[in-house]
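In the part that follows, the structures are each spelled out as structure tokens.
In the two assemblies presented below, chain A is common to both, partnered first by chain B and then by chain C.
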Partner chain A sequence: MNEIATIQYQGLNVTYATGVHAVRGVSFDVRRGECLSLVGESGCGKTTMSHAALGLLPANTRLSGSININNIDILAASSNELRQLRGLVAGFVVQDPYAACNPLARVEDHVAEAWHAHGMTVPDQAVVQGITELGIQEPGTMIRRYPHQWSGGMLQRATIAAASAHNPNLIIADEPTSALDADRADTTLEALKQTGAALLLVSHDLAVVSRHADRIAICYAGKVVEIGDSQEIIKERRHPYTSGLLKAIPSLHEGLPEPMPGYPPDLRYQIAGCAFAPRCPHAMNICLETPPKMANGVACHLYVEHDHAKEKITRQTSTKELPRVSDRPPPEVKAKVLAEAREVSKTYRQGTRLTHAVRSASLQIKQGEIVGISGPSGCGKSTLLRLLATMEIPDAGEVYLDGELATRAGSKKIHSNLARKAYLMPVFQDPISSLDARWPIWRTIVEPLTAPHRKNQLSKEQSRQIAYDLLKGVGLENVDIEARPAELSVGQCQRVAIARVLAAKPKIIIADEPTSALDVSVSASILHLLVEFIEQERAIVIVSHDRPMLNVLCDRVLEMYDGLLVSNS
Partner chain B sequence: MSFTRPFNPLDAAAEIETALPVVKHRKVTARLWRHSQARIGMILGILLLCFVIIGPIIYPHDPAKPDYGNKLAPPGSQHILGTDQSGRDQLARLMEGGMRSLGSALLVLGSVSSAGLVIGLIAGMSGGWFDALAMRLVDVMMALPGMVMAIAVVGVLGPGFINLLVALVISSWAYYARLTRSYVLTARQRQDVISARLAGIGWGRVIFTHILPGVLTQLIVIVTLNLGSMIAWISGLSFLGLGVQPPKAEWGAMLSGSRFYFTFAPWLLLGPAILIFLSVISANLIGNALRDILDPKANE
Partner chain C sequence: MNSNQHYERVEIVKIIFQRLLQMFLTLLGASLIIWALLPLAPGDPAMRILQSLGVTEPTQHEVETKREELGLNQPYHMQYIQWLGRLVQGDFSESYQNGKPVLEELGRRLPDTFRLASLSLVLTIFFSISLALICTAFHNQWPDHLILFLTQIGASTPSFLIGVLTLQFVVVKLGVGKVLSQGDVKMILLPALCLSVNRSSNWSQLLRAGLLEAVNAKYSLVATARGARKLRLLFKYALPNAMLPFLTVIGLGIGGIIGGSAIIEAIFTWPGIGSFVFKAITARDYPVVQGFVIIAGASYVLASTLVDITSTLLDPRIREGGQL
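Take a look at the complex of A and B:
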């Protein structure tokens, strides 16, 4: 590595005022013109690492070690020095371009701010030029518009133009693609690389990043556990965590994604050995005692010759066999139709503007099927689900549940009461808000059983027992059934939501982006829970923008675009 | 701060699985007591309540009995806080007036918030013509300044304490109705509500189990925060002579009556002024703390 590093981290430690030791001795560098991506799940410290490089952490945070950009030590720099650095030497791109822009200012003002912030006047045509270089059509008229008139992918390119206005040596981008649709991610990352600066890219999406980054650093519990050439990392899977992460990603793994057991450690505590050891399938005694040192790009005892203590720990692993998609019997051709939408349309009116959310869509859900619906955001997927659940009445067409007419255009009445008797149950994208924030989770789980049509008389003790059994079924036997949703992680809340669905024993689960708010290893386990639900007489409709996931999970995948449902299996 | 705990390698895997936070669920009153601001507010409130409820029982003087031979007596051994312009015992009047001031503020807020709750709930759940009608009425009520409205209503009904309370209810229910309706409108789209509906729970039960608890906690916070200003309103209107008529005591009316004697009997003004001030402070401290504590997203 004789090239000059643009940014160099050396032994960085970050401890927040809350006592969370978020970054634990991290050293790496990004070389000139190179793209390095920090990849990891939420809470692994990757965002903290990137924010530390521009002095963006809260004032009462304790930092040690050093970060050098152009031979300036960031941790020792004064606020004046930092201000000179930001924008001129190092640009910054945030996750959500709409949140980064003032909705009352035109896009050109946001780009021009890159000069104004340093007291400069904007060079002639510089804004238009910067935007044109990033491939925006008709830049002259576009920059006169406001942020909400731009699409997310385009606006993100405008913030990149602002970040690269002074040709900085380095651009730090914190999850620049996760607020965008999948097909926009590639163009955004291309635009970032096109700026020619060294790129420090923070991302949770290994699949997207592996297509663009030169090198990848895998982060876990505040440390970099593996770093190296991105193609090699994907191919060799040396660190057990990397391998677990890759197995959980549908597009990089054959078959149904495999979940990783356990949870990341609590970063308020000291960790004696390797932080991943408790979850690691290859853990040895030494892993629990000494933290592994980074050697040849991987920090793992498996790749170091030890004289002693190489014996593997035997531990009780769950013997439960994971279901495989291929093991599932194919749905019968003559299977009964559980739900059917015939030529349904739905139009929303906002003032004089009409939005055709669903246009004449027809869909049959048969017993034993997993049906996927994919498409970009705003294509009408969620509306179609609401129509199917008779939560809305279509403007045209009919919906049948279990062969009976449920809703019909022009009739305000709901003809079949099935959808109000737990015939279909929903799983939502945001699990925390799908649970009542005031209720202990056991009450949420047994709520469907208390519906009047079931005529159950459950005592409090019975309910709690049922809730406990269901929680055990979704792998949450260690969670206090009195806990409130805010005390659980997002993934745990999604499991609680699924436990509620299982309690209701519906014929159809309608899942609206059930995994997109979750980390990959967690989402893999959620998919397993959903697949376990499928028996001969049941079905799942799953809506997602994650096409590779749908491809491995579903019997057939339908494409939805601009309200039109296109079948292709 | 750094946390260390013994690390047992053999239990490592199990430990990670159970390393989830264990939170004790305390009752709201207990959590309120642990909140230092709220504790000050609650102690203050309890002292004020003792003063107006127990005080008249143990204090021997009659608040309404004049003693013209002993007018404007300074604080002393016979009358602890002296006497007013008619020779009535000031401390006894403060106790009796406090009952009226605090009690009526609570009464008005109670009726205002329940009226607003019912109207807002029906409007939000039903939509349609009732919603449109109720909300236009709310617009009209909110367009008029509350104090002016109250004065106008008292003007129509005639001065008197009951009329004053009626006027306050009429002029301030609208805000609570609007608040309740907007909460209900978002709550009925909530995902936990949709789940409950699809599971077969009827609207009636959904309202009582999912929607109302949320509305109520919001209203309780608003009511406690408004308690202070309501005490000030009642005192203010009484000060203008629209409320309590003599010889009945009320803090605002007492302020009003004593202002001519301010230069040579300042204790007459200070007593009710300090008590109004303390009541407002107490209510605001408790209200602020409730807002923190009743937020369901906040962990303890």
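Take a look at the complex of A and C:
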């Protein structure tokens, strides 16, 4: 087995200068021509593991154990030995292709850097050839252009061509698809496999990875908790974390995704037993005491015979009964229309260029309805939401709120002041930047109540009580209402943002990619909160590129493409 | 390919044209302000000019004739247009002190100032780039800390203090150079150095921050992962990316160097525009001061336009018709 391993990790430990013990004893290998995927949520150490393989971690990071590539131990290698591996034996691809390229150099130079970095001259036509092999049309023209003139999917293929220029034995790809639209992800992964190199694929997206990887290693809190054939992992769900993760993914799980309780541990502190035990539904006493050893591809005490302490921990389960989508009564056919866009269009002008963001789109939002809008990035989804919320005036058509004319083309006036009275409330993609970083969260939450149209003046004590009740409603009863957003996790911030929405008691929630900045286990709980909001007299419009999620969540899903809204039930 | 390049070229020409138009408008605006400040000088201009010509007690008739001659009886907008017309023709009026044309007086001293300012600019750019590169290469090591410490002192010491201290300790005590340099080209280095200390300290800290940002950018990580050496990273990736915003800083600084040279020139008795204007200010010679402000303002606007156009040519993203 040792001979066929292209890269071999043995007992790798990584501690950052901040004291975060990011990787806690990891051993695995990637064999020749194989695709192994490290899957896990943010902060599980998967990126650290991949960067360690090329010696890319900051200089003051403490590492122990070993990583072997070509019989060279990376941790002990000199900078010259490392340079001989980088680019020649091991290629490297990152998440955002635009960030990966020097913005001032042509794509041609980016690919040619594979040779220039090692002081070699570029073989004749090698750049064009590499690009052509990955299926890019008119390569001669394209490579003379700058990165920002390329589309994301194509540029990612160009960076793959750059990483595989020397036919490396190994390619390390850190989230190579997550900055791209879903349909680009598959072609990108195919392009990576096409290079013929062994592939160490870091990803948070179990659904995408399960279609391409030969083997999957599930990472949690700096450890690999389960490793094995990707189909078996998906099918058998042996480790409780794997099982929880799969239940939270709409496309791999039937019905509304199920959230995972709790949060990952703080890796600055020592962890006595299994890191997952506090969140595990099957936790036993031994789980809190001894860390489980990896055996038969899974590190869990459930699969090891123990003589003692096998009894299960009884936990006070405070998990609320979650509403199921199927339990929801279907919206009435004759339900009242809460908001309507009639033949709206919007065109943006930048210099001499016109972008037709929305072309003659019509949409009705009825009481009790969850409407999904899906489509690739740049298709005009967010603009349509802004039009509906009367944050933009359409170039053609009208928008009605609660049956009244709100905005119409040719008039700058906002005819209905409903939108100013929290008739619609937004939930944004990035919860951290949508909260005021300097305000304690209770102030953010009650902020909609301070709007001038609300007559009642709240005292500070009343406000704090309201904020506390709302936080309890979104499952954050243990969070200090005086906390600042920076002290909370991204998922907690999104819950605070939802609490703020609920404070305003809107009729319609407008959610623009509410889960795409979140980990799957967290995003499932956010979806549940949104569903809870739906009562007969309210509605949700939710925009996302995640089609499977919309399919399970929404009463109807509309497809948007190039500014056109296509009804499609 | 051709259409794309053609498109790019058209965009570049358009942007350059826009910048030149902006420059013209800025100059016009500046001239209006300078003209509007004229009446702030005490006394009647006609009287002042007559007095400067040696007529100590002019008659009413003489004053009226002079007013007529100067066009002071006309409406304000006509006065401005005539003033601007004279300016464009190179008539900056005459110095109160010796009655010679201002442009001629300034023009005689301009080459010396230009020599001093440009050498100072070259030194400043050289120092700030090399110091910033050393800091970035040895980030958080002793050379970085040492340079940060020294530039902190340099940035907080005004030029005139550096000039006076240099004169006292380097020239008088050590006997390097002369107290009265009198435009001797061999003596230019000391005043140029004094003029660049403060600015290089500031600029090297700014550029250091830009370089560090570029070194920590994803494209630098990718370049490292592909086998690029540290030096290549610094010069091929970090420096060009950090230089773009830095160009704007340079453009804004050029005006400051010309203005700041006045005191250094006075200290080192360098016969440039600066020491001449310094004398003119103490003598309340308004035409000279005004002429200096016009020249300094114009060179400032010209420099920032040049910088704008340069960064347009260097940055492909701005070339595409984006905004600076």
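By our rule, the second predicted complex is superposed on the first by the 565 of 569 C-alpha atoms of A that agree within 3 Å, B and C clash if a C-alpha of one lies under 4 Å from a C-alpha of the other, contacts with A are read in each partner's own complex, and residues count from 1 in each chain.
Just so it is clear, a residue touches a chain if its C-beta (ideal position, glycine included) is under 8 Å from a C-beta of that chain, and two chains touch if they have at least 3 such contacts.
Computed from a prediction, not measured in an experiment: that's the story for all the values here.
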| item | value |
| --- | --- |
| Partner chain in contact with A:117 - chain B first, chain C second, else both or neither | second |
| Residue contacts on chain A - larger count, chain B or chain C | B |
| Touching partner for A:88 - first (chain B), second (chain C), both, neither | second |
| Which superposed partner A:229 touches (first chain B, second chain C, both, neither) | neither |
| Which superposed partner A:532 touches (first chain B, second chain C, both, neither) | neither |
| Which of chain B and chain C A:186 touches, first, second, both or neither | neither |
| First (chain B), second (chain C), both or neither touched by A:214 | neither |
| Which superposed partner A:96 touches (first chain B, second chain C, both, neither) | second |
| Footprint overlap on chain A, comparing chain B with chain C | none |
| Complex contacts: residues of chain B adjacent to chain A | 1-5, 7, 9, 12-13, 15-23, 25, 190-192, 194-202, 210, 213-214, 296-299 |
| Sites on chain C touched by chain A in the complex | 1, 4, 217-219, 221-229, 232, 236-237, 240-241, 244, 314-317, 320-321 |
| In the complex, chain A residues that touch chain B | 15, 19, 21, 262-263, 265-266, 268-270, 272-273, 277-279, 285, 288-289, 315, 389, 391, 419-422, 424-426, 428, 430, 433-438, 440, 444, 447-448, 450-454, 478-480, 482-484, 486-488, 497, 500, 504 |
| Complex contact set, residues of chain A against chain C | 54, 56, 83-84, 86-88, 91-92, 94, 96, 99-104, 113-114, 117-118, 140-141, 144-146, 148-149, 159, 162-163, 172, 350-353 |
